[in-house]
Amino acid sequence: MNWRSMKFLLSSTFCVSLAMTASRAHAAPTSSPVLQAEVSDTATLPPIGPHWFIPSASEETYQIYDIDKGKVLGTIPATMLANIVIAPDKKNFYVAETIWSRSDHGTRQDLLQVYDAKTLSLTKEIELPPRALAVFAAQDFAVSSDNKWGFIFNMSPATSVSLVDLKAGKVAQTVDIPGCALVYPWKTGGFSRLCGNGSLTNVAFDGGSPTVTHTKPFFDSNNDPVFEQAIVDQKTGQAIFISYTGKVYTTVLGPDPKISAPWSLQEAAGLPAVGTGVQELAWRPGGQQPFAWNAAKGELFVLMHPGNHWSHKTEGSQGWVFNVAEKKLLRRIDLPQPASGIAASPDNDALLYATGHRDGPITVINSSTGDVIKTIPARVGAMSIAPGL
Amino acid sequence: MTASLFDRLGEKAARYLASHASRRGVLGKVGTALAIAPAFPLLPVSRAEAEEKPVSASLTDFERKAQTKDPDKCDYWRHCAIDGVLCGCCGGGVHTCPPGTEPSPVSWIGTCRNPADGLSYVIAYRDCCGRATCNAPADCDCNTADREMPIYKPQTSNDIIWCFGTKSTTYHCSTSAIIGKAS
Amino acid sequence: MNWRSMKFLLSSTFCVSLAMTASRAHAAPTSSPVLQAEVSDTATLPPIGPHWFIPSASEETYQIYDIDKGKVLGTIPATMLANIVIAPDKKNFYVAETIWSRSDHGTRQDLLQVYDAKTLSLTKEIELPPRALAVFAAQDFAVSSDNKWGFIFNMSPATSVSLVDLKAGKVAQTVDIPGCALVYPWKTGGFSRLCGNGSLTNVAFDGGSPTVTHTKPFFDSNNDPVFEQAIVDQKTGQAIFISYTGKVYTTVLGPDPKISAPWSLQEAAGLPAVGTGVQELAWRPGGQQPFAWNAAKGELFVLMHPGNHWSHKTEGSQGWVFNVAEKKLLRRIDLPQPASGIAASPDNDALLYATGHRDGPITVINSSTGDVIKTIPARVGAMSIAPGL
Amino acid sequence: MTASLFDRLGEKAARYLASHASRRGVLGKVGTALAIAPAFPLLPVSRAEAEEKPVSASLTDFERKAQTKDPDKCDYWRHCAIDGVLCGCCGGGVHTCPPGTEPSPVSWIGTCRNPADGLSYVIAYRDCCGRATCNAPADCDCNTADREMPIYKPQTSNDIIWCFGTKSTTYHCSTSAIIGKAS
């Protein structure tokens, strides 16, 4: 059977636009022209826009939403164990993924998959050593801002980082860094890692031999660890680490990052600082993706809930907006329903996107006023990515 | 035998047969002889028979309630026998596959009535293939069944994954493309 | 790192039973013995019981329930495109499955997988030609009652059946039967297929060259087709085909099946026979798995709903119980919630299992009284298998 | 450095460290020196410090509400820091994997208080591996977090798929096995 000729037959028929049909809704039957045969085609994507939002969906995919239109634009395959990154030039989506050749058995395949941002075609698959497998751990994977290198966290349970040459399509080398995990990319030339003793390990790398440096421990990793979901602004290299109790540590990542004295989210809101008491009820940060960042205004968004210490996975009932440079709370936004994930658009007057654990709608909020702009029916989870400007 | 024709000719035959097989009783009468007639375009045929009784008695519940405004809802007129996720909810459209997927060149066929012109059209329910199932909201997950048949009548059965001749048979979503006017 | 020695270390520790802990619930802290370390182990299954029920779950698996205990016993991997069969000797589960080596791309692998019924270990994978891919089409696959042959429906879209030698672990031959679909196994020595013209094609096969015969068309395949979800009692070879309007055709499958004159489900209930009117409201059969059979009493269970013609996918609000030999309705059971799937236990006084489309509980009903025995919290779909006696 | 020990020794070390790392402040004080002490069995240690203040102020909300009767519920005492589907809902038990799966020999560690005896125990949250996620009812899908840590403290982090050294790393469900009494 010749599928090509059949396709040709279809494509040679005339195509009428949908609008034509819609405009005749509720009209009485008329002698209007009979609708003609349509060609089946495949959509392509416009350039990545500032109001795109790409949440996880069903633990198997990420869905691309155009928030202004309130519509899905496409689907990127990526499971809850995958990591997804928008290429710095916005021409690709990168997905670090692990697939067994027979679903739950067979050959394990660790891959860095490259999807074209216009067609969503899978254009390249780079073979990797076994990645770290963790549920929705976005900090397992980063791409250098010059789009040359992918940094992928491995755990076997020994920990290392694969340095992937994205042009050549292969792993250039793997750096063992025991005791540390995850990857926080610098503005240029490397990445840092969080370590079990409360320090950062910094890996200067630009294609040659990596140089590793260590900071002193700067947070109490036993009693008040910083969330792994730190904010990194890759345009500036600024990182914001926030602890379970709401202590904020800022730094500019590099070979020798100077880490600020911590300030307290709660004190910035005019409330007492918060401790580690298991019956110390206070507003605390929490959720699956509790933080978002808007670079245009330097605003940090935090999901907050009333709870005790160790309630760091609890959904937020409020979104708190901070000016980080001024260490100041700007406003507290009551969320229409508890949110486990938050994200922000990169433009001025950021849109906030609040989502639940799974299978829920997207709440779109004006970050300046706190008003709910719209609620988009969806079945999406807490994890997401949003483009930079 | 309908299915053997289908076996040999794929959508081309199935589309042709379905286009002559309206719900108004013609379906049982088409035979292999018709397959040699020109399949496209379809000639308009008198609808006198259908017009003899009140329309409401000859319309299915789907047809009575069908709308022409929102193709991303299950009650859009073309979706009278669709089983799956509407591609319009997934970045595609009523006859457009979402980015990264490809339309199956072979499909199954329904006959749906357009309330805007009162005419019945043959619809090709072409699946978009090559990606895991689209995770659209429940509103977009449809299972209508006007004139839908078991698998042994494959050209009108909507449980089959219609991804033949595509690079991958993974089902992503379903479209409802007009093939032509039903006789 | 030596995992084996680590396992040994664990297994050498002492294990206390859970009951010991439970018995001390709500007791004041005492000087009772400190709980000791436990060995991690893996459960095995008891022999398949008459009150096992194995519904689909999340379109990715089938779950084994012990209905008496109201508990899950295990999970069998099998997607919505797979078919699952209990081996006639009850020592294995067979799963016909299709897997792409990279989830949605890569190499297509069609497999007949053999799971041990005691350990649920995957003991064998037999390579197949491309199977028919349809959503929850249970009649795509059958196993001969002597456990020697698997019959697997292929569709490309040309239709054929693979004859799988289960002992040898390979496809012996593939039979092309254009115009027909699915497989309905005989008591012994072959299978029949339903054809687009309303007939049966019968394939006598016992390892040699298949002999194909055809019946005359016996139902109106254009206007009132029989559901593909026919009942086949493999112990007797009796088949029950039921049409969209409720016409019942019975036969004993074989090289030359004599098909009974049809009788009407509705007439057996003392109601008028039902036609094909699209505005002819009547009680009609429908659902994803609308029929179940209890061989011990010769009882047929049908999900019925009020609807017009072409409402054959609509969930049932009642379960009707028929004595098929007497063509008689025994009782109508109001279901606590609409069901898309029904199944029955094989013993006397069958338990009925009613399930919804997906993600719902299991309603267990006494088929003799219509009483709801229990509702088991679950997330299961309409499709299921239940063991024979 | 805790994590590097973990890197080298796997559960054996992690279990040991956790067993000495109760929530009552000892955790920050353990170091590499402890790893050379005999890891098993654990010696009972005075709980005087904890008993100085009312118990309710030193218990987490989970501990205040924990029950000892039904191990297939998220509030069973051992599940104080579990993230996943309880194997007891899947054909396994509190320390038993469902048929067809295998326990990971390496696991992460929590410290949970048994209300029946008022003692804290070290719990190994061993994942059962090799099959797709168990589709248990929502009641069996737990995400508790007493003393749960980020991934850079892997031995106490519950987002990691703890399927190391198993035939397949596919996650099926989670168990809560007692390792010993916490000091």
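A, B, C and D label the chains in the order they appear, each numbered from 1.
We take it that contacts are C-beta pairs under 8 Å (C-beta built on N, C-alpha and C of every residue); 3 or more make two chains touch, one makes a residue touch a chain.
Here the structure is a predicted model, which means the values were calculated and not measured.
Chain centres here are Cα averages; for chain A and chain B they lie 39 Å apart. Between the CA-based centres of chain A and chain D the separation comes to 29 Å, rounded to the whole angstrom. Chain B and chain D have Cα centroids separated by 54 Å.
Residue positions of chain B touching 2 or more other chains, listed in rising order: 10, 106, 131-132, 164.
Across the assembly, chain C contributes residues 77, 103-105, 122 that each touch 2 or more other chains.
Taken pairwise by the contact criterion, the protein chains fit none of the simple patterns, being neither a path, a ring, a star nor fully connected. Here the chains touching each other pair up as A-B, A-C, A-D, B-C, C-D.
Chain A meets chain D in the complex at residues 81, 98, 100, 103-105, 108, 132-137, 139, 155-159, 178-182, 193-197, 220-223, 225-228, 277-279, 308-313. On chain A, the positions that touch chain C within their shared complex are 77, 99, 101-107, 109, 111, 122, 125.
Looking at the complex, you find that chain D touches chain C at residues 10-12, 40-41, 44, 67-69, 71, 89-103, 105-106, 114-119, 121, 124, 126, 128, 131-132, 134-139, 164-165, 172, 175, 177-181. Every residue of chain A that touches chain B in the complex is listed here, in rising order: 1, 3, 6-7, 9-10, 13, 15-16, 18, 21-22, 24-27, 29-30, 32, 34-45, 57-58, 60-61, 63-64, 71-77, 115, 118-122, 377-380.
Within the complex formed with chain C, the residues of chain B that make contact are 1-4, 6-8, 10, 21, 23, 25, 27-28, 56-61, 83, 106, 130-132, 143, 145-154, 157, 159-161, 163-164, 167-170.
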